[in-house]
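Look for subunit A in each of the two complexes below; its partner is subunit B in the first and subunit C in the second.
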Partner chain A sequence: MTPRLLQPLIRLHRNTRGNIAVLLLLTIFCLVGLIGLVWNTAELATRRESLQTAADSSAHAAATWMSRCTNLVAAQNMVICQDGSAEVIWHAIPPTDKSVRTHLERELADAQTMLSGGDPQFASMRNRMLDALRRVDDEYAMASGAWQSVSGLSNQKFADQLQGDNFRKAVRQAGELLDWVNATYVNGDPANSPRRPGPPGPGGEGLRQLVEKWSPPANSAPFLQAIIASLQQQLAVLAEFESRTAPGVAQDVPGRVAAHEAEVFATQQEMVAQITPTISQQFSDQADFYKIRLTAATTGRGAQPNGPAQIQAPVAPADDPSLTPQPHFDSLRGATVEIDPINVHTDAAAIIWPTPESRTITIAGRPIKFTVNCNIPGGWGHVYAAPIKRYFEQRVASDQQSLATYMQRIDDLRRQLAELLRQLRGLPTNDTITPLPATLSDSVIDDTGNFPSVAAPPRLTAPDDASDQLRAQVALYNQHARAYTGTVRGLAGLLRSWARYYDRFTVPFAVATWHGHVDHFRHVVLKQLGTSKQFMVLATYRLRHIPDWAQAGMRTSAETAIRDRIVSQNIGPVGQSILSTLIGADPSGAGGGFLDPTGRNTVLAARYSPQASQAAFAAINAVAAEVAPQIAAEWVSRPWPYEITPPDTRVPPSQGIGKNDRQTYFTLIAAARPTAANAPRFILPKLTQTKAPELLAYAQAEAFNWMEFNAAYGGSERFDEVASDPNAFFIGCPLPWRLSTIGGWNWNSRLAVSDALSTSIASNPELETFFTEGGVTNNDPQSIDTLTLH
Partner chain B sequence: MFNRPAHPRPLNSLPLGGGLGRGLETSKQPSAACTRPTRSLAVALRLFARTLHSDRGSAAVPFILALPIFLWIVAILVQYTIIVNAKLLIDHAAQSAARAAVTSLPEGHPENVAAAAYLGLATLSPLSTLPPSVQADNVYRALQNTGIPAADTFPARYTYAMEATKVDWNPQNPQVDFTTSRGRQLDVTVTYRLCLTVPGAMGLIGSADTVAGISGRFLTIASTSRVETSHSRQSAAGGGGWPQ
Partner chain C sequence: MIHSPLTPSPSTRSRLYRGSAEIELLIACVILLSLILLVAGTLKIGGARLTATRQASFHAFHDATEDSTPLYTNDPAAQPIDGIAAIRPTLPNRVHSPHPTVTATGQTGGDGGTFTVTVGGHAAVISPTWAYSAYPIGASDQAMLQTWFEGYLHDPSGIDDSTRSSLGLSAPWEP
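After this line comes the complex of A and B, so read on.
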């Protein structure tokens, strides 16, 4: 018998209905599990990617704001420079106008006076030339005659054989050279020796042919009328210049510029101040949009006790407290100076060689005293408004061009007038007349196998036992030879004077006048800009010392530059001083000269110039070699205004903004965590034994300037060489450009490898909290770097 | 109760045919030599006849016949689901690799691109029988040092991921002249050799191979992600004027 209690079970056992249903149930359960697995994976991947997208876009957007602000600040710096340039132009216009007008009106008055009252000098020019030519012929006849007398008497025997031979040789040379002067230089015949020059005229003419070809007309009226017409045209151009500039000149440009510069500077500061709240608001909006939590962090700055870091644009005002003057012991003065980071090595801190370098050298037995100027105006390496000087200079150079066109037209009219006057006078374009040489090559080889140089013509000295008659003839020859060469030089000078007769009306001067005034006021306004400090600089701008690896190169470069400058600025005056002394010391100089006074200085200058130049160069170079290393040593020991921290090692590879600067001033980290609304939603978590992982995403973004790598905008600037600006002024560091040139407009944002993550976690508590919640409980820098793939 | 036959009708009531029944009935006294087999055969025949006449297990037969096919279909479903799951993870790994390529390739760190993919695929990977790679150990240590939980098997899985994953990008050398362009479009492709594990289903797909010391059948799954590279922190070729 079956127990009653077991009956339902027995029925169930016997019942085959629902067998498949059980299997289906198991299958469905399995399928649901599989679907759950896929769902969970998809949910995790999607949420993680969404979180990464949020972090990326937030970081990129914040870096874009940093870049935008930097670009705008750069543009506004350029506006400030443009204002300054306008002020330079405004200042330069009135004195230029006054100077050019005075010049032209005086010339016009002179021309009109000459036209109405005649031009006696012009009228006599033709006769003076003909008279000079006649005197040349006369003097040649007398000199030639005297020479023949001497030559006739030179064949007698002298007690001293050698002296006699030398005398006869000198007589021969004198004859040949007199012949060359007459035949070739005056009459235009080919040279009587291949080693002697041909006729002096630009077309191979002698002086006689030039007198005939360049013969001045009797009437100067056509020339003066052309001059007056041209001057009136020039004045009309000047009137256009005045008309164009009058509206600007009438205004208080300095006042308006100062007000505008202050306004722009205020706008810059306001804009920079707005960046932090703008980025904060943007983070907040993006967090709302993605339904996540977002934080911002930076390396070592901007950290708040609780909350995200305040992201700032990488700029600072030029009067920022961090840019206060830096004390420096000046080895040249033996005193401490204060170096202003904006106006570097200026005024009291200028690099000045303290004592004048007076030297005395002895040449030809005569002591020559001179002073070498070892300074340049403003001091070595001085620069006002260093951060914006580069663009300011470029802007002034560009702006002055438009008004320089008026001055260019005036100068062009003067050149046209010169050409017209030349044509009217029948002068060639090249009107150069070769001066009568001081020496000429002899036609006979001497004992050394060379052709000796002989004074043209040589001064004869009678032998000791010469007869009185010979002595008298030699004296007569010397007198006539001197008179002859004097008249020849006089004629050549007269022809030159005729060629340059109207130069005072035709020499260009307007452009030079304009540039001179622009240059003057450029310095004035730049100094004002530097003093006011109403502009922005890159946050990394600092006074810094030249890096160790670059000091040797910089010292060499600075020493060379300083030495070259000392030599180039002194070679003229010192050389002239030496030359004057040499000429004065020459026995044929004042009172005892053989040549005529007109040619004496020319001849002596030509004779002593090489010696004077060599002596001057040697003397200055000796001073420069002594002074330049000391100035260079002071140069290298001083701090210079670097826009970025110079690299610790020789470049490349550390070109451009260095790691520390980049991470501290140009970088931010954005981190994202999901909220409850946006956390992964797993299905069947208990069934799959899956715990939703803590999601975390981060991104590093940077503001960068791709022109770092452009050689035209600083990519090629060296740290171990002096840098030159457009005005050939040089300083001891790369010239700033990132915030004051058109290269400064090219700041951009980029996502970057997160190399600032560990330091950012350490200095930003909220970021640290994000990472702790995300499972990173220990900020181990090396491990973070290992895991930081993006 | 349990001895009670499912079909209580007597054996002889079964329509077995007269001959056999009769024969059994007429041989009531068989000889000693043949009586025993005859009786056994009769019992067997009775049992067989009873089975033929019984409907017990009639539902189990088709079930047994259908079960392998059913299990096979389920196995295919499981394997397919695992492949779909793997595809999702490989897609995610491709995204991670592409994200790494955006920032790492311009900096000259292509290893970061592959590492991003390995990290994403380690959880999908079986345990490699090869010794753990140095990189796997480094990543494991880094995870531990930063407090991120990682199983002991992580190095073995990461090693498998390294062996089974290939990361390519096109163009191979995405250097860009950034004076004229902001970046360059880049296709990052992650190819993964998925180890098939479901018996019955894995024979239909994939191919036999040995990956990271594991012999079996593997399916190659690829995913491509397209990105645009960032600007490099490094200078352009040629040094931009710097001394070489």
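After this line comes the complex of A and C, so read on.
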């Protein structure tokens, strides 16, 4: 029997009515909950996405403003360089004008004097040539006669047969060579041996034919009139130059440039000062636009104890207190010097080899003394206004071209005059007369199977037992042979001097004068710019030592460059000094007391030039090998003006801005949190048991230069080699370019991987607060780096 | 006990309830179907919102950093600020602020009808960076940069055009 109390439960158990309704209610409940979950998930994802967009665009905007400021500062540095270049041109005009005018007016006065008063040298030129030719013929007749006498007497027997044979051989050679000089060199016949050169004239003429063809006219007036006309044209071009430049020269360009440079620099400073409030305002606008809270952070630069970091542009004034001179012990001087970061290794801190290097070498038993210059003007590796030098040089090279065209026209007129005078005189374009050779090849093979070289003509020495008559004839031959070659060389020289007669009026000089003055004032103005320091530099710019890994390469490179420069700048003067000494001493006796002075100098110069050059090179190279390593050691020990921090470890050949510089000066973090207006709005939060999480988004952005990996700019930077420019100037670090050249004026912004996040959290309390609110309560740098950089 | 239609016998009552479950099932199906359609609609709207937000971001960054034609709106909520540009004006200054919309279409059920919901996203990215190359815009931005740069010629303290010409200086642009 069922207890009465259990009856309702038993009925409920047996009753199946409403089961479906219960199931339906449960299903509806689940489906409504599902709607809530789907909506809330989408809401959360959308808000998260929107927040990330806000962080990305805000970080990007801040980096864009950094790039904008850097680009404007680079452009303004270029304006300053353009001003400086204008000042160079302004300074170079008056001295160039004065120098060229003086030169032309002196020539004009000389030409007019010659026209009015006559040109005795010109008038006598024809007679001098004919006289010289007569003397050549006379001397040949006497030398030939003497040779024939010697030849006739040389057939006698001598006690020393070998001596006798050698004498006869020398007589034969003398005869042949006298014949060659007369027939070929003077009269223009083909050479009497295929091993001997032909006639000396440019068209295969002998001297006799050249005298006939080139013989000066009696009247010099047409030449002088042409010269005067050309000089007047040149002066007219100079007048055009003066007329064009007068308005500019009349201006106080240096004063205006100085004022303008100061204004531009003031504008740069204002922009740099305004960049922080600009970025703050941009952040504020972005926060309003996205209806979020924003903060900015850096790895340290501009970080604030409260509130967002004060984002700065990656630039600084050249006179920034952080760019103070650095003391350095100069091993060459043995004293401490102060190295200015902007004007590096200049003035009192120049790298100068302290003592003149005098050396004495002995050649052929004769001591030759000379001095090797082991310095370059301004000192090794010196550079004024290093951060802007590269563009300044480019600009001067460009600015000087326009006025150089006037100088080019003057030089062209002189070249045209040279051609006209050549045509008037009947001279060919190529008026080279081959000098009479010092030696000629014999026509007979010697015992070694070679054709020996024989002095042209050889000096004869009579055998020991020669008769008095033979001795007298040999002496007569030697005297006339020497006189003969002397007159031949004199005639050739006279013809040459005729071809060069008007060179003083025709040699171009104006372009070289202009370039010389521009070059001088280029140094002057660059030094002024460096001294005034009214421009901006990249924030990473400072004096730094060459990294350890690069020192060996830099030392080798510097040593090579210094050595090459010492050799190249000394080889000319030292070689000439040695050559003069050798000719003066004539230690080997070549031609001594036999050839005429002109011929002797020509012969000896030809003979000793290779020896002098070789000796000079060896001597200078020895000095350079001794000096260059010591200068290079000082070079490597000095700090250099690096625009960016050089890498700590070896890099394949070049590398752009390194991680530390990038994070410290060019990077920022933006973090975003939603406000009440922008927080996720969930539906049925109680039903779905969903609580909105604390959203947080962050982004890292940076300013970077498009040209960093362009071979013409950052992609060519070597840290282990000297950097050189077309002016053969070289320094011990890459030449700065990022804030003054066209390539430098190419900064852009980009989002980047957040590798500066952990450092920024540590440096910026407000960013840390954002992260704490977002649920990240412990800034574990390693974990964050792993998370963001994995 | 006398049984009448009002007081049916248990057997009769059982017969009367037959079929009510099917009716409940039909009603349940309608309700459940509607709810499922609502879930599907919510999913589509959620997806559309995400797409719109993402498109806004992509469009804004694309326009600012890649597009060769300046694309921007005159969104009053996203106006460019002058900032340092006001110190020497005439530089190009834009905010790329696209407002893309995405339409989600859902089934209303029953008669096969549909409903549409349009959702939107927004983003704001500034450009350009005033780089000399003026990438990506090129000529038009570079022309403005040139004007700005050449403005230095007209500074009262600067070197005027006639002096520049007199000294034979190169044109300031290309610098």
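Convention: the second predicted complex is superposed on the first by the 748 of 790 C-alpha atoms of A that agree within 3 Å, B and C clash if a C-alpha of one lies under 4 Å from a C-alpha of the other, contacts with A are read in each partner's own complex, and residues count from 1 in each chain.
What we mean here is this: a residue touches a chain if its C-beta (ideal position, glycine included) is under 8 Å from a C-beta of that chain, and two chains touch if they have at least 3 such contacts.
Values in this document were obtained by computation on a predicted structure and should not be read as measured data.
Taking subunit A as the reference, the larger set of touched residues comes from C, when subunit B and subunit C are compared. When the shared chain is aligned, subunit B and subunit C each come close enough to touch A:Trp706.
When the shared chain is aligned, subunit C comes close enough to touch A:Thr245, but subunit B does not. In the superposed pair of complexes, A:Gly656 makes contact with subunit B only, with no contact to subunit C. Within the superposed three-chain model, A:Trp747 lies in touch with subunit C and out of touch with subunit B [touch as defined at top]. Look at A:Gly775: by the touch rule set out above, it reaches subunit B but stays clear of subunit C.
With both structures placed on the common chain, the touch criterion links A:Trp90 to subunit C but leaves subunit B unconnected.
In the superposition on chain A, A:His345 makes contact with neither subunit B nor subunit C.
In the superposed model, A:Ser716 lies in contact with subunit B only, and not with subunit C.
Once chain A of one complex is fitted onto chain A of the other, the partner contacts of A:Leu31 extend to both subunit B and subunit C. Once both structures are placed on chain A, subunit A residues 20, 23, 27, 31, 34-35, 38, 41-42, 45, 49, 52, 56, 706, 748, 750 are touched by subunit B and, in the other complex, by subunit C. Considering their complex, residues 17, 20-21, 23-24, 27-28, 31-32, 34-35, 38-39, 41-43, 45-46, 49-50, 52-54, 56-57, 60-61, 64-65, 67-69, 71-72, 75, 78-79, 82-83, 85-86, 89-90, 93, 244-249, 251, 253, 256-257, 259-260, 263-264, 267, 270-271, 274-275, 277-279, 281-282, 285-286, 288-290, 395, 398-399, 401-403, 706, 742, 745-750 of subunit A touch subunit C.
Subunit C meets subunit A in the complex at residues 17, 20-21, 24-25, 27-28, 31-32, 35-36, 38-39, 42-43, 45-47, 49-50, 53-54, 56-57, 60-61, 64-65, 77-79, 81, 83-85, 87-88, 91, 97, 121-127, 129-133, 135, 145, 149, 152, 155, 157-159, 162-170, 172, 174-175. Per the touch definition, subunit B reaches subunit A in the complex via residues 1, 59, 63, 70, 74, 77-78, 81, 84-85, 88-89, 91-92, 95-96, 99-100, 102-104, 107, 109, 112, 115-116, 119, 138-139, 141-143, 145-149, 178-179, 182, 230-231, 233-236, 239-244.
Of all residues in subunit A, only 1-2, 10, 16, 19-20, 23, 27, 30-31, 34-35, 37-38, 41-42, 45, 48-49, 52, 56, 650-653, 655-656, 662, 700, 704, 706, 708-711, 715-716, 718, 748, 750-754, 775-780, 782-784, 786-787, 789-790 touch subunit B in the complex they form.
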